[in-house]
Structure formats: structure tokens, C-alpha cells
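Next come the structures, one after another.
Heads up, the next two complexes both have chain A, just with different partners, chain B and then chain C.
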Partner chain A sequence: MEIPVVRNVLEANDRMAARLRDEFKRCGVLTLNLISSPGSGKTSLLERTLRDLGTEFRMAVIEGDPQTDNDARRVAATGAVAVQINTDGGCHLDSNMILAALENLELEQLDILFIENVGNLVCPVEFDCGEDAKIALLSVTEGDDKPEKYPQLFRLAKALILNKTDLLPYVDFDVESAARGACTLNPDLAIFQISCRDGHGLENWYAWLREAVRLKKADA
Partner chain B sequence: MEIPVVRNVLEANDRMAARLRDEFKRCGVLTLNLISSPGSGKTSLLERTLRDLGTEFRMAVIEGDPQTDNDARRVAATGAVAVQINTDGGCHLDSNMILAALENLELEQLDILFIENVGNLVCPVEFDCGEDAKIALLSVTEGDDKPEKYPQLFRLAKALILNKTDLLPYVDFDVESAARGACTLNPDLAIFQISCRDGHGLENWYAWLREAVRLKKADA
Partner chain C sequence: MHEISLMSDIMRIATEELVRHGGRRLTLVRVRYGVLNQIVPDAMRMAFDAFIAGTPHEGAALELKEEPLRLRCRGCGKEREAASREEMFRPCPSCGKFAGFECRAGDGIFLDHLEAE
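Up next, the complex of A and B:
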């Protein structure tokens, strides 16, 4: 007697992610999965981006947190559409959660869909959500050794945002060393040094976003 | 035909954790499981503690990281015994890993065993490692909303260390709000505001450690 067992949760997730990816492509919506430690500034980056590019692009955000709708409320305050997923203690978002969240969004009306994953440098990396790119964030207060210690995210991301550069004078963080660690894992990684507090470097990130949206529309 | 399946990884872990706890009790070694986001300062706290209390207590550290032995080398530089566990991408330590690490330690010769878990506010909380207490760390750069968003750690920890207080002038972090959020979840939580950089507040943490060691010895 053969017992059917779903042996691989990741395989099931990958199948659903492929369906989501097809749908994002059909609608021409650039989908970015933001991954970092808790408190690296994912929500702050979204608040700045949604405000600064709000007249240029139609954007929405899916927020993942173990508890609270704090982040969705912060994002909604910018005027953008925000959907909160509470994982109830879970450590990552997966494709099924994204599928459920999409019921509250009109993909055809969007240029960019941001997925703000649960704050966690490890688990979210394993679960494809159908995104075009994973975006890694690292705050300069976390230490320049993080790419080396948590390599998988930096290997798979298309862009790395080094956030909170305004704090560089007060911490021991060697930007060159962090960038070297990340580029050793991923030579094609785009790296942006920014401060969501004083706005430093955001224009480079916005230029990257514009080009990514253009390519997505061309591919739709 | 009945198919035996270990349905609950956590149950198996809990059984092993109970065995470890018995062994720690027999040896009278206080065991503390340090849990936080990546880069909150767990290793820095250990470096300070091992140096400042090195003549007072016999201490060892089990270091958990997805990759590298950076942290074990930092700890060993203080003169303490350090054992590195690489989880090879895994998001938490579990009791089996601790059991394996103990082969490199002489528990009878120790007063305190520190377990520095993988940097992750979510998954390590689920896996009992036989410790006497979970110690939560939160850096003031991570935001004062973290207890509310990631409640489980703050609910279960015996102490919360608010680290990097030297950066308070440069960030938006309301100490009262973070403490209130944590105490709402866990009214018995001991909270220490410290800076591993300038040494502020460490004496209060050391006093807590001394009392915990005393109680452990009395209970052995």
C-alpha cells in the first residue's frame, strides 16, 4: 500500500509560486519581496518610496508580521493600498498567504506590488512568493559580517539596501567589508547605501525601481 | 497497519530538552539561551560578560550561526571555552545540537553555560534547549514596537536586555513604550538597559547573573 504524503512543503509552495508569477506577469506588475532582520527599516523604506513615487507609480503593499497591523497602518497612511497578513507566530510568508492577500488587491491596477516579509534573515528566503526579485535590507547597526553569516539571502537577492547610513558615525560598520562579503556571494548584486531618515541615496534606489518597472512592462 | 510517524518535531525536542535540563541541574550549571534578531549584540554582551566576570565564574558558550565560526572566535578571544554550531542555513538551535556540542564541554567544571542562538526573533523561541531561562535582547535601533509584533519571545523570556543605549540620541526609540509592551506580555520580566559599547548598565545585568547562579547552586 502506498501512502501519499506531501513530502516537501517547499515543492508545494514552489508550484503555487509559479502560478502567482504567471499572474504577476500577465498583469505586468513588478513584485518585490523585501527581506531583512526585524527593525532593519523595511516599513520605513516603503513609507519613503510610496510617498516619493506615489504620483509616478500605482503601488500596493502586502505586510507580513507575526502580530499587529501596525505596519499596514503606517503604509496606508501614505495613501497606498495595504493588506496585512498576521502569521500568528509564523516565521515567513508563503505563496498561499500571498494568494489569499491578492483577493484584496486589483493587480491590473498596479505597477508595483511590494511584499514586506516577516522580519527574519533565514526562513523567508526559502519560500518563493512568485516575486520578480528578493530585496535584502541590512541596517548598518546590525554588523558588517551578516552577509557571511547568513549567506542565502544575499546569494539570491537582486538588490541589497544598506539602510540607516546616518548612524555610520556611531557604529563599527565597514561598508566596504559588508559589500565585499555580499558581492563574493553574488557578483551581480546591486547595492544601495541609503538613509530613510535623511533621504540619502534614495534616488539611486528609485532609479533602479524605474528601470525594473520598465523591463516588467516590456515583458508583460 | 499502523504507521509510526514522529508527528511532532517539537515533542521530540521537548523530550531531549528535559534530559538536558536534568543534566544541567545535576551539574549545577546555570544555562541561559540568548535570543534576538541578528545584530542585536548577543556576542558583544557575551564578550563583555566573559571578560568582566571571568575571574568570578567559570563560563562557556555554545554559538549558533547559519555559517562561519566568527562568533566562537570572538568569544574564545576572551579566554572562555567556545563551541560553534553551524546550522548550515537552519534558523534555530535545538536540543540535539546542544547535546552534540556538550561533547566538547565539561559541565561539572562550569558555573554558567551561555547558548547564543541563531539571530532570529521567531523560530528559536519554539525550541527548548534545556535552559534555565531565555534571555531576550533588543537593540534600540530595531524599534520599540518589537515586543508587540513578535510577542512570543517576550512572553517566555526571564530577562530583556535593551542594548545599544548609546545610540538612543540618534534613533526614534521610546524605552518606556518598549518596556510597557514587553511587561504587558510578561509582568515578571526583568529589564536591563545597557550599552556594550560604553558599559552603561552592565552592573545590573551582572547582579542578576550572580543571583541566578546562587539560586542554581542552591537547587543543585
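Up next, the complex of A and C:
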């Protein structure tokens, strides 16, 4: 017996993500899905952002990690609400995990919800979590050819954050080349060069966040 | 590694369709995915074998079809099939410019076809 089917394999995740997106819209919560390799500075970026904008915005973080609640503890130390999801070895977060995490959050009391995905440049990209934007992070201690190796993330992200720029004098990372690779895939990509360590460039990222929150509230 | 999650969705959809069509046992599952989805065929096969082991579907075949990339030049608008992902980072062969490309095909993961008894 032949059964002709053409069904999107990710349909169940996409359906749940659409429900989450409606809910984020209803509550006017800007939701950002942070995706990078392990160690590029997602948690450090969140620590800085939560501290520096803590009086301006109400923010929370959903932390995805294969094991431990170390990152959630780091984030909670800034005073922000952090919900830890342990994927038990799993390589990405999906929309059902986000739904479960929302039980611990008051969406109506939030301006920004950050989703810190599991450190991985491939798998998280395929699983929509209902976010407004994927934010790609890349640190200058990695290869500047990451956009060529992992095109899907850089195609679909709305912003690219180049972190650890304070280390540029000591590494061979070519900022121009990384930016060119990413922009070839995605001409509308916003690129921020920052250092979470010395704070350089963070103001531009904060300005982008303020505008994104304003647009989200206007759309709610 | 997301191949395991994908296979779990594939088998859920496949058994749903099987039941809907009154079938008993899957003999062939065909999956189509784009070059951009960075799927590792061996990981898909391993996940498939694990999912069907000890079920009525044991012995079923998995057919994987990679859909090539179709690129449209943002400069001249010419569309063509690309032989590899690397072509996204090269100048357009038609106009010679480096204007970047839109991906018109080669993204998406679909359960395409089933055969059953």
C-alpha cells in the first residue's frame, strides 16, 4: 500500500511555537532566542544586560543546558527571574519545553524574555520557540568562517553579536570576513561588536533592545 | 544530533498516517530535507533503526532525499540550482556580482511518502 504524504516533520513544534508567539504578543513580551556555540558568552551577555537594564525593563531568562543549574544561578544573582531547563543531554530547546517553563513565569509582568538555548550552532536553529528573533552570538576566539560553516543560523538570525572584542589584538579573528560572510546570507542582519568584559559596544545592543521592546509594545 | 528528535516526529506522523489508511506495518519511509538543514544521514538511519527495533515496522526501509539549494541572486534576479552550500558565498555566475542570494529551495524537512502493508 502506498501512502502519499507531504507533512512538515516539525509541524507539532511549529504549531506549539505559534501558540507561544500569540501569547507573547498578547502580553507584549519581546522574546529573544540566543543561539551560539558553548562558551561564546551567552550567559555573560545576559548578566551584563540584566544588570545594566534592570531598572529600565522587567526581564526574565529561560536557561537551557544539558546539565546543571549553574547558568540559572548566575542569572538569578542579577536579580532577574531565571527558569532552568535541563535537557538531560538534549542538544536544543523546543516549544514544549518553553511552554513548561512558562508555568514559572508571569508573562504579563515582563518586557523581555530571553531564551538561552543549549550551546550548539546546528540543532537549536530548526526548533522554533515562538521567539520574535533569533540572536546569534559569535566570539572572536572562534573561527571567523562560522557563517560559512553554519549558514542556517546566520540566515535566520535578526542580530549577530560579536563578543570578546577585547581579545582581538591576541587572536587571528577577521571581523570584516565574519561580517561579510554573515551579511552575504542575510543583508538585514544587525551586527554588534561587544565585549562583556569591558563593556565596549554594549550601548548599541541596548539601543537595539529598546527599539525592539518599543515595537513589541506598539504591536501588542 | 537533532536527528533523534526529528525521527521521533517522523515516526509519530508516519504511524498516524498508517492508522488513518488502515495499514498495519510500515515498509518504507521517505524523508526529504534541504541542504540547509544540516542533517547527517547516518544519524538519521541510526535513529530510525532504534525507533523501529522490536516494533511491527522492524525491517522497514528509510529513504533519505536531500533537496538541493536553489539560489536567486539579489543583484540580477537569476535563479539556479547550486551544487553546494559554498556557492552562497561566491559571486553570481550570471552577473558576476557579489550581491548575495535568496534561498528559494533547500530548506525544510518533510515526510514525503510511505509504503505499508
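Definition applied: the second predicted complex is superposed on the first by the 211 of 220 C-alpha atoms of A that agree within 3 Å, B and C clash if a C-alpha of one lies under 4 Å from a C-alpha of the other, contacts with A are read in each partner's own complex, and residues count from 1 in each chain.
Methods note: a residue touches a chain if its C-beta (ideal position, glycine included) is under 8 Å from a C-beta of that chain, and two chains touch if they have at least 3 such contacts.
Since the structure is predicted, the reported quantities are computational estimates derived from the model, not experimental observations.
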Considering only touches as defined above, state whether A:Val122 meets chain B (first), chain C (second), both or neither.
both
Just to be sure I read the superposition right, which of the two partners does A:Thr184 touch: chain B = first, chain C = second, or both, or neither?
second
Once chain A of both complexes is superposed, is A:Leu10 in touch with chain B (first), chain C (second), both, or neither?
second
After lining up the shared chain so the two structures overlap, which partner does A:Pro66 touch, if you call chain B first and chain C second: first, second, both or neither?
first
Name the contact category of A:Ser195: first (chain B only), second (chain C only), both, or neither.
neither
Using the touch definition from the top, say if A:Cys91 reaches chain B (first), chain C (second), both or neither.
both
Output check: A:Gln152 vs chain B and chain C. Expected answer is one of first, second, both, neither. What do you get?
both
Which partner does A:Asn163 contact after superposing on A: first (chain B), second (chain C), both, neither?
neither
Can you list the residues of chain A that touch chain B in one structure and chain C in the other?
1, 3, 90-91, 120, 122-123, 148, 150-152
Chain C contacts chain A in the complex at 1-2, 5-6, 9-10, 12-13, 17-18, 21, 23, 31, 36-38, 74, 85-86, 88-89, 98, 100-101, 103, 107-117
For the chain B and chain A complex, residues of the former touching the latter:
1, 3, 37-39, 65-68, 70, 89-91, 118-123, 139, 141-143, 145-146, 148-152, 164, 166-167, 170-171
What residues of chain A sit close enough to touch chain C in their complex?
1-13, 90-92, 94, 120, 122-123, 126-127, 148, 150-152, 155, 181, 183-185, 187
